[in-house]
Amino acid sequence: MLSQEQLLDFFKKTRAHSELICSFLETEDYVVQPIEDVSPPKWHLGHTTWFFEEFVLKPNVKNYKLFDKNSAYVFNSYYESVGDKVIRTNRGNLSRPTVAWVYEYRNYVSKAMQKFLKEEKISEELCGVVEIGCHHEKQHQELLLTDIKYILGNNPLFPEYNDQFKENPIQDFKQEWISISEGVYEVGHKTDDFCYDNEQGVHKVYLNDYQISNKLVTNAEFIEFIEAGAYKDVLLWHAEGWDWVNNNNIEAPFYWHKIDGEWHQYTLNGLTKLVPEAPLSHISYFEAFAFAQWKNLRLPTEFEWETAQQYFNWGTRWEWTESAYSPYPNYTKPKGALGEYNGKFMVSQKVLRGSSVATSPNHSRPTYRNFFHPHLRWQFTGLRLAK
Amino acid sequence: MLSQEQLLDFFKKTRAHSELICSFLETEDYVVQPIEDVSPPKWHLGHTTWFFEEFVLKPNVKNYKLFDKNSAYVFNSYYESVGDKVIRTNRGNLSRPTVAWVYEYRNYVSKAMQKFLKEEKISEELCGVVEIGCHHEKQHQELLLTDIKYILGNNPLFPEYNDQFKENPIQDFKQEWISISEGVYEVGHKTDDFCYDNEQGVHKVYLNDYQISNKLVTNAEFIEFIEAGAYKDVLLWHAEGWDWVNNNNIEAPFYWHKIDGEWHQYTLNGLTKLVPEAPLSHISYFEAFAFAQWKNLRLPTEFEWETAQQYFNWGTRWEWTESAYSPYPNYTKPKGALGEYNGKFMVSQKVLRGSSVATSPNHSRPTYRNFFHPHLRWQFTGLRLAK
Amino acid sequence: MLSQEQLLDFFKKTRAHSELICSFLETEDYVVQPIEDVSPPKWHLGHTTWFFEEFVLKPNVKNYKLFDKNSAYVFNSYYESVGDKVIRTNRGNLSRPTVAWVYEYRNYVSKAMQKFLKEEKISEELCGVVEIGCHHEKQHQELLLTDIKYILGNNPLFPEYNDQFKENPIQDFKQEWISISEGVYEVGHKTDDFCYDNEQGVHKVYLNDYQISNKLVTNAEFIEFIEAGAYKDVLLWHAEGWDWVNNNNIEAPFYWHKIDGEWHQYTLNGLTKLVPEAPLSHISYFEAFAFAQWKNLRLPTEFEWETAQQYFNWGTRWEWTESAYSPYPNYTKPKGALGEYNGKFMVSQKVLRGSSVATSPNHSRPTYRNFFHPHLRWQFTGLRLAK
Amino acid sequence: MLSQEQLLDFFKKTRAHSELICSFLETEDYVVQPIEDVSPPKWHLGHTTWFFEEFVLKPNVKNYKLFDKNSAYVFNSYYESVGDKVIRTNRGNLSRPTVAWVYEYRNYVSKAMQKFLKEEKISEELCGVVEIGCHHEKQHQELLLTDIKYILGNNPLFPEYNDQFKENPIQDFKQEWISISEGVYEVGHKTDDFCYDNEQGVHKVYLNDYQISNKLVTNAEFIEFIEAGAYKDVLLWHAEGWDWVNNNNIEAPFYWHKIDGEWHQYTLNGLTKLVPEAPLSHISYFEAFAFAQWKNLRLPTEFEWETAQQYFNWGTRWEWTESAYSPYPNYTKPKGALGEYNGKFMVSQKVLRGSSVATSPNHSRPTYRNFFHPHLRWQFTGLRLAK
């Protein structure tokens, strides 16, 4: 549990980091929403601000004056229980409020929050809400980066985001298999540090003997898969995956472009030649699964991953697992809108474990459970094989 | 393993039973396909026949003469590796071949099969293919009944299928909780009897202490859920479930109609008053889950169900579980088209356990794993609560 | 104006002709609806019957007993003002009422109508309704033939309808241009014979000098257009036509199939080699227009067609004109449901003039105005050039 | 025909006017595309510039250096014959090039054009291309205003564009009927001044006696139509119009909002109370037609409008006519891409006559033929009745 002073510091650093991420953008980049999953950067900046105003300032600061009565409508997202909102697919149609307005809104709320955290003695429960608000903003920092990559990387001019961002750290070690013995293992978050609700409820699982790779699959390995014609081999794919491949003419990972016979990749540094030894990225679960099939191997379950993770390096790619996302035994959904945030029930989503080059600093844990629909590719997703 | 004589008997009974099911239909009922999931009865009759012709007779009977070279094209289904086929949504647009033709085709193939099974000594592997063909036809017998129910039950005239079919056996016992203790349990098919590939691979799972109801949820209980306004309470639903409810204006289980203030249900005996004490039927996974949420309870996992099933009655409703469908550890997909049948990879489907009033006789097992997309309701689906 | 006796005779012949058309069908052919525009033959038989029951018998025969209270619901079509109806796209999902039931319904209504026409002295206005009912049924006779052609011609087995139907009468004369001089001409229906409302209101139009072909464009001419790559030349097409060609991969007229390098055509006699000298058929307005563009010619307007029609042979193809369908000056829509039938306002439809090999006998007039959306091809549509 | 000096002046004024229109925008407003029909303002600015670079500078200025090789790709629109382009629905997904870049592009091309027009003696044909380029830009000026209105008027904050724009000039005179006698009239552009191709080809038409109103329908009159329940009366609407009303829940003209029981209207001055006496605006052809039906009157044809226009005031609303858009007799499409601009074949569009408050100064003519699909409402569209 953070002290109030630590919390204030955490809050300030978190807020500053979102703004650092956006400091490389042109005004126009803040506005567009090329697909439903990608939100305009100005929306992320406003939405994370709205969270603090709605759940901390408005109910707890005496005579708090809203910056603007329309913010809730514009920057609420999926919180159906809190009121009306702009429908998700419309976010990119809104030229107003302007980017300048959003920064004023941020400053107004940040100052009010800092004053509140400095001057008031606040309850442990409310500290928890502020802490969640910071973690919520950290999640949106990762989305900011992946959404910016989508916006710039699908522009025909392929503009660079900045030239410092490192997407493709090389794994300079040999591939080996880590063996784990059959038995009962405990999974779930065990310490007092912050975690999301969905990691809680330590419980036992039975694992059979298995082996898991110490290394992520590389671009070079995936080129072999492509060249073997695997995108055209129905027997490697899920029924839904096969439809997805064919309806969308999928022939390579997202952001890959074959130019004059050579594979290129759009990265946040712009369009560059593909680095064969870099860990594969921007693949769907369907592609991860088909690749494993083609190798006569498989993906690990989330529990195999969690149990073995202490024996390998991770953190550059979100790693698809075979596990479908569902609540842990004895999970109880919190009441109200924060419950809606934490306890959103999901179906048809696959668990990803680890974290990625875009994950906000200090925002990864061995028990962190990320989840996405199996066809999505705009996150930094990769795969680790098991058998 | 069945002897060849037993197999012949099994084949004959299976084929006769499909025809018995259809004996109550008008010619016109064999033809239509009101939604993609529902196939025309004549298609089921032809497709199950094509299976024997394609996988048994054609490759194994010397000088076998196909009944008609077009059958494969018309009656193949999802076997992408076997060749061209009529796309699924087009099945209901084909007035030809006629029903009479399909019966001739059945007779032709049935006779050839019987001759083959009587006169030739066939290998164990081929016996296995014939046995699978019979079980495949038994699966289609259940689909025949549920598809006929869809066809007649969505006709504005609500015609009766026949007056003998019993859909709604009452559970004339008290609701109680069965307690199972925490520990390691074995799951999967253990005997020598026939089972599908996906039940194989006996393996251990760890279960926490849990309780499971001895009784299925009834119509009367579900009416309470409706009357409490649960279809309008966003917090009870999965995100996808909430969209499904609203996009389709779902207000009750499938086949329910409120007429002059009173609930009615279309059954295979026609439109009748709803029987409050009958087990609930024709609900989606989303509704099963929301009901459990509303009760502050949950659905069992497929392993909890399998472990406890010896202590309760089952067999009138397919029971939604919380488990997403995925292959058992060490599952290996068979080669070729039969592998496509058995080892179809699925994502985004939920496991249902048990069997239903429409399940073909002798076609249920405690380890049987059925699976459907979470929104589907045309099967006889119900739910059993756990905690 | 027909005498009551003539009307009775007209009624009987009209009813018999619909049944003759259907006498070549299998029961299954009566049921399916492969696309929205094509109705199941049993629907046509029921709908034309419902017209007489709803507009003649029910309001005028004392104590008339409806054959069945559900017929209106099932067989009403677009008469929104008369009550609920099965939505159009659902017609092919209804296996009931059966074909046998529909024939009983026809007999019941036909007998009641004949009794009524024989035994009662009926008003001139009501005679008009009966006469319209017969012409309405004659319109549906043409649709029966074109819908049957669609149903059988899109079946992969290409079944024959019957071997007597003549689709492709040859134009055994030389192509010549008929010249019409600039001036004021009268158009519209002038005699006392039956016509539809939309032909009424004789009025003057000014025509510039023009020439119109005495001959319809032939298959051979259209093959030249195809071979010149005209389906790929954007400059020949309307914007909507270009989208239509590309979204639907249009490469030839409807019912054309290239088999082993040779053009074939499905006709009501089955699949046959294309007859080069036959008049082109089953083309959209877009194709008619693009062909004319390619020839540096144009389509006639409906008034040019009407003024010149006395100088050429017509009657085998509905001929696309350049005219958009709109009411004649001073047109007034009749009151009530018959007004809905006659005076349906249309937008975005093109006028076709003439009649076709499928038109019911004695159902064509020089002033008849047919109209369809420009992309539709299942009617026997062709083109005549002008300049 | 303009002298080269006049042309230079025309060019400069036209270019300046586009920039004046945009001077009231925030950077963000230049970027979004809320629906396919509405283009981002920066696209309009770039596209009109590309026209001059592509058709004037590139082919005619020696050693002309393109501002950027990507402009053609980004700013081409429907000119399929000139090469690849960003698909229309993607325009609003492009944050780059930035607004600043687009203004640099404009300046670069404007300077090059001015130098060219000043220093070179250019052919009459090329003068024609420049003149068309200016008129093309003037057309886009009207679109700029209507697209900006759409972007701001569909933003939940309803921002004002500027407070000077006059949308709603009152018609301060009495409604009267102007009578025109039956006879042959000439239509089409007759002078030497600029006009579009589609106005050319003076030709005769025959008009029956008719009367046309001297006054546009007002908001007050349309409120009566709404209050009479006309949006719910199927018999007033085209079949397509009825579907459009119901699928889109249309209950009032576009930009109308009922707030606390009172009608408001979004205008370029922001959200204001509806002015009853102002001419009705932002209606579809379907609504114009249904209103006329409800009045037992009709819309004029485009020829009736053109013949009578000298006797009434026009210019505040584009006036829907009953005429479908098709080329005039003897129209010949120019060759190449300019032909694609001028001679785009259209089907299913209705002619509008007059001009509107958003029309660029000196860009209206009695013979100008505007055309849109019948459901579109984002232009300043109104109606004038005839009988």
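Lettered A, B, C and D in written order, each chain numbered from 1.
Note that a residue touches a chain if its C-beta (ideal position, glycine included) is under 8 Å from a C-beta of that chain, and two chains touch if they have at least 3 such contacts.
To keep track of the chains, here are their UniProt names: A, B, C, D = Ergothioneine biosynthesis protein EgtB.
Bear in mind the structure is a predicted one, so any value in this text is a computation, not a measurement.
Put simply, the chain farthest from subunit A by mean CA position is C.
Distance between subunit B and subunit C, defined via averaged C-alpha coordinates, is recorded as 45 Å. Here the CA centre of subunit B is 58 Å from the CA centre of subunit D. Remark: subunit C and subunit D have CA centroids separated by 37 Å (rounded to whole angstrom).
By the definition given earlier, chain contacts exist for A-B, A-D, B-C, C-D.
Per the touch definition, subunit A reaches subunit B in the complex via residues 78, 80-81, 182, 184, 203-206, 208, 234-235, 237-242, 285-286, 289, 322-324, 326, 329-330, 333, 339-340, 344-348, 350, 374. Against subunit B, the residues of subunit C that register as touching in their complex are 26-34, 70, 73-74, 86, 90, 92-99, 151-152, 154-157, 159.
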